[in-house]
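In what comes next, chain A is part of two complexes: it sits with chain B in the first one and with chain C in the second one.
Up next is the complex of A and B:
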């Protein structure tokens, strides 16, 4: 029974499930480090998922879909940037508006373009990059089966996400841009004083988080599911925010925290297979990621410190 | 010269009120205008759409009844979100507390058979308020004790509540038959329809009383709105709530326990959202099932913001969104515009209220123009 659960596929699945969370969480990290709260990750992800799917349906090319998803993410996050940075609106409320807007726009366009609500037609998906065969018996073959399953079984965005996490970590702590970004969220006045534009810095960070959350949406539709369903993000944007906090506002931390949530998701899917053995209703497994998020937040918060100026609009002058 | 006039505005009482009401009305108007623009570029006839929407929302007593029907839970969720906001808390998870309130009413209502109406209805309302408060309690405690952001925790609790209800209606609480839902409530546990209170003759003499499916929940909602207004304005509880929302640090210094106030605020907010669930169960569906709420908890955010978190302002704001949602069906049927446009308009309203600067920019420009004309 345990052998049915602990398989290479469980860990591979954890990596897959972690990917959209990690992309959005890293986006949230960049955004919050610049001093802007981004509750809109959920809606941006949904927007990316929809426009990515629409582009693939129109062109048949999944990579064009990935590009479209990121562009759509940037476009809708521009609204958030304009409201939070230029208009000094309440960032949490602006984010809520964008989540609702995304739900409305994707649902509206779905009916306008495809004539029905619900789910789109299936699309051309991105396939795993490598396809190595697993040779016959023996210990070495078994070891190879695990390595192949966990490391080499993935679609492109899964690998891209790991690269993004590492590069973002490096950029945040080893470049001048990163220094400015971190300072924006701690003490924007100081950044302004040395002649770096607070508005510009925050705009760039919000748009980058839009691109990343859009890419997360592309991963959901163009790599995992193969179609778009209304409201398919199902709270992932909020779980990503929790992962960002659990990862203490660092890109690699966000990635690792997402792995934990991804593993919980992968585990609950595996456990559902054993429905005949363990008679627990499936709804309880479906609750797991949300319960885990609360538990993690409850356990970690006291020791995680948010950027000092996060959520505070900055007024030039 | 116009500069100095702008800096020292003449304040008259009516101007203060106009300013308070002005931005929400302009926000709603601007959102509806952009909504028609979206319809126009999508190839729909916006005029036909809005006239169908108007017909579906206010075209007759039945339609007005439908608007009231939908405004009823929105008053409660709007109050819930507004009460939280007044303490500086964003209860984004009113939907989850609404589910638990509805669950409490549906589950308890089946047991209280044979008791008089006058006992059962208040008992169920109180039970649902308690259930909503209980569902907000853990996020409240986490917020107060360790600062876990209530936006994330209440949102997670919303998903948990929905899965819990979706399990209960196929499992332990499932009624006989194929459909996943609970047993129907007996008449003594229901909130009766308003038209049902009048005799046939009275309805014929005064056709405007024939308010279709609208039920007595609206009366409860208005009473509760007034109570919340009184609490916020005249009681220590309300004062502390507003003080913490205004400046938590100063409140703590002044001897108000911020932690305790936070817990109370979020639990009261949850109780109000719980009541939204019970009026839907007791007044509309008479049972609970998976999809019994059409996102009233989330629309409550738009209601609260449009009302600028004023408990009495919540009533007209809820009626506006109630009308939009009541008319949406007719709009889709007659003008073929997808109902989702209502969500877009809602989002725009929230956006404009939040980004008041946009509205103020328009207003200031108009004022400047007016002044330059006058000068």
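Up next is the complex of A and C:
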């Protein structure tokens, strides 16, 4: 019975489902550390998902699609950067507007380019990188099934995400750029007085979060499903925001938090298999990831302290 | 300077909102385009103006909204009626959409989807002269100007279960494994979707009593990535035929079937036609003929035989549900399976098999 649930695919599935969350969450971390709230992650992810798909449909090359998704993410996040950094608009309002904009633009362009709403035609997807053959029988083969399933069965962006998490963590705490970034979110005036541009620093952070959320969209369409559907992100951008807080505004923390949410989601799918044994309605299983979110945010992790200057527009002079 | 800036922001945001609502306008186009043809061919005044309000899935769902629209388009072509579509983006759009169409003189108005039941029940008395068709809507007391259009999804699903139950024992395709397991993917665990699951299981068990049917639910009808994960989990459990009644979630399941090698049974429309490139796994589809129900209702209104105040149930016997052709599997599927499906169909129509719905 437990053998039905605890399988290599449970952990592989957790990694797969964590990837889009983690990319967006790390993007959110960079952005909020610089002092700009980014609730537009959902919309940016959707934009990336759409333009990624469109680029693959046009060129047939999935990697060009990944690039297009990131570019689209950068482009739409530039609106957020301009509104919240230069115009000093309310960052939550600007983010909400981008979420609405993304939903509208993707639906509109879909009508315009493909002549129908709903779902696009299917595209060429990125395949898993590795494909090793299993060694002989017995214990070795069983062990190999686990290692191969959990470690080697993934598509490129899943691995890239882990690298990004580690590199971002290193950059944030071990480089001058990282020091400036963190200072931007805590005390922008101090950064300004040492001669570093607050505007430029925040612009770079917002655009980077756009690229990462766009990459998250590419993971959904170009690696996981192979087509774009309107509003297909399904609230992942908002769960990513929670993961960013749960990860205490650090890249690796965001990744691990996303992994926990991904694991909860993977586990609930496997638990549904046991519906004949555990006779509770499936809604209870479906609730699991969200209950987990509430629990961890409410108490287990203690007080999560946001950057001091997050959400506050900076006025030079 | 400051007020100038905030004005600019306000203008920018207003622009964004306008763009955000563009699709709502754009999507009315398909309703108008085809309207031009019949007018140029035969410049006769339309017999009546009919319209539909979509569910939040909207046009392009390759499911019941699109099918209802098919019914409207057929009526437009055959019966010389004027048609209109309003899409609901939020549940809160239902009433205002119905209101807008009713006050513009459209009748009958089709409200597509069980979520709209309450909106129809509320708006129908306000427009007593307008006729309403409620697709998938069950009313305890049907208002006199409303007809509830319901389907016996369990009957069509039973046939899908017969195909799946026998196919998993067979070896006509290399995606079929030796294990006696089949899978079901549902959108939300609600009575409507339960009918699909129960009928499917009953059909499979009738021809293959030992078969293990694993049913997984996504919790929504839109998350394709979740649909893929559910499919992968089913395939890991050795399921080799998967039936999905889950809207767009099913497209993700098709992807899982294509990657890991399993057969798929589509739902609502003939998904071989609506999901291009799925032919290598699409064994058949359980069609729910919303288009037939909508078309017949428009015809009834024209004939003056509108069944107001009634619930109409479309089953196998009425042609409301059925299996789609096997398409690419036509030559592979053994005659024994085709015969078993025909026998089950005849027995259900004759009433010797009564398919449970819960």
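The rule is simple: the second predicted complex is superposed on the first by the 294 of 317 C-alpha atoms of A that agree within 3 Å, B and C clash if a C-alpha of one lies under 4 Å from a C-alpha of the other, contacts with A are read in each partner's own complex, and residues count from 1 in each chain.
By definition in this document, contacts are C-beta pairs under 8 Å (C-beta built on N, C-alpha and C of every residue); 3 or more make two chains touch, one makes a residue touch a chain.
A quick note: this is a predicted structure, and the numbers were derived from the prediction, not measured.
Chemist: Judging by the criteria at the top, classify the pair chain B and chain C on chain A as clash or fit.
Modeler: clash
Chemist: Would you check which partner chain A:284 touches, where first means chain B only, second means chain C only, and both and neither mean what they say?
Modeler: After superposing on A, A:284 lies in contact with chain B but is clear of chain C.
Chemist: A:4 contacts which: chain B (first), chain C (second), both, neither?
Modeler: Touch status of A:4: second partner only.
Chemist: Which of the two partners, first being chain B and second being chain C, lies in contact with A:92: first, second, both, or neither?
Modeler: First partner only.
Chemist: With both complexes superposed on chain A, which partner does A:176 reach: first (chain B), second (chain C), both or neither?
Modeler: neither
Chemist: Figure out whether A:220 sits in contact with chain B (first) or chain C (second), or with both, or with neither.
Modeler: It touches chain C, and chain B stays clear.
Chemist: Touch test for A:39: chain B only (first), chain C only (second), both, or neither?
Modeler: So A:39 only meets chain B here.
Chemist: Would you sort A:241 into first (chain B), second (chain C), both or neither based on which partner it touches?
Modeler: first
Chemist: With the two complexes superposed on chain A, say which partner A:270 touches: chain B (first), chain C (second), both, or neither.
Modeler: second
Chemist: By the touch definition at the top of the document, which applies to A:298: first (chain B), second (chain C), both, or neither?
Modeler: Only chain B; A:298 stays clear of chain C.
Chemist: Do any residues of chain A touch both chain B and chain C, and if so, which are they?
Modeler: Looking at chain A, the two contact sets intersect at 79, 83, 87-89, 93-94, 97-98, 100-101, 103-105, 107-108, 110-112, 117, 234, 281, 283, 286.
Chemist: With touch defined as at the start, can you tell me which chain A residues reach chain C in the complex?
Modeler: 4, 7, 9, 13, 16-17, 20, 79, 83, 87-89, 93-94, 97-98, 100-101, 103-105, 107-108, 110-112, 116-119, 121-122, 125, 220, 224-227, 229-232, 234, 265-266, 269-270, 272-273, 275, 281-283, 286
Chemist: Using the touch definition from the top, list the residues of chain B that touch chain A in their complex.
Modeler: Of all residues in chain B, those touching chain A are 38, 42, 90, 92, 138-139, 142, 146-149, 151-153, 155-157, 159-160, 163-164, 166-167, 170-171, 298, 301-302, 305, 338, 340-348, 350-351, 353-358.
Chemist: Any idea which chain A residues touch chain B in the complex?
Modeler: Residue list for chain A touching chain B: 39, 79, 83, 87-90, 92-94, 96-98, 100-101, 103-105, 107-108, 110-112, 117, 234-235, 238-239, 241-242, 245, 281, 283-284, 286-287, 290-291, 293-294, 297-298, 301-302.
Chemist: Per the contact definition, I'd like the list of chain C residues that touch chain A in the complex.
Modeler: Contacts found on chain C: 5-6, 8-9, 12-13, 16-17, 19-23, 26-27, 29-30, 58-62, 66, 189, 214-217, 219-220, 222-230, 232-233, 236-237, 248, 251-252, 255, 275-278.
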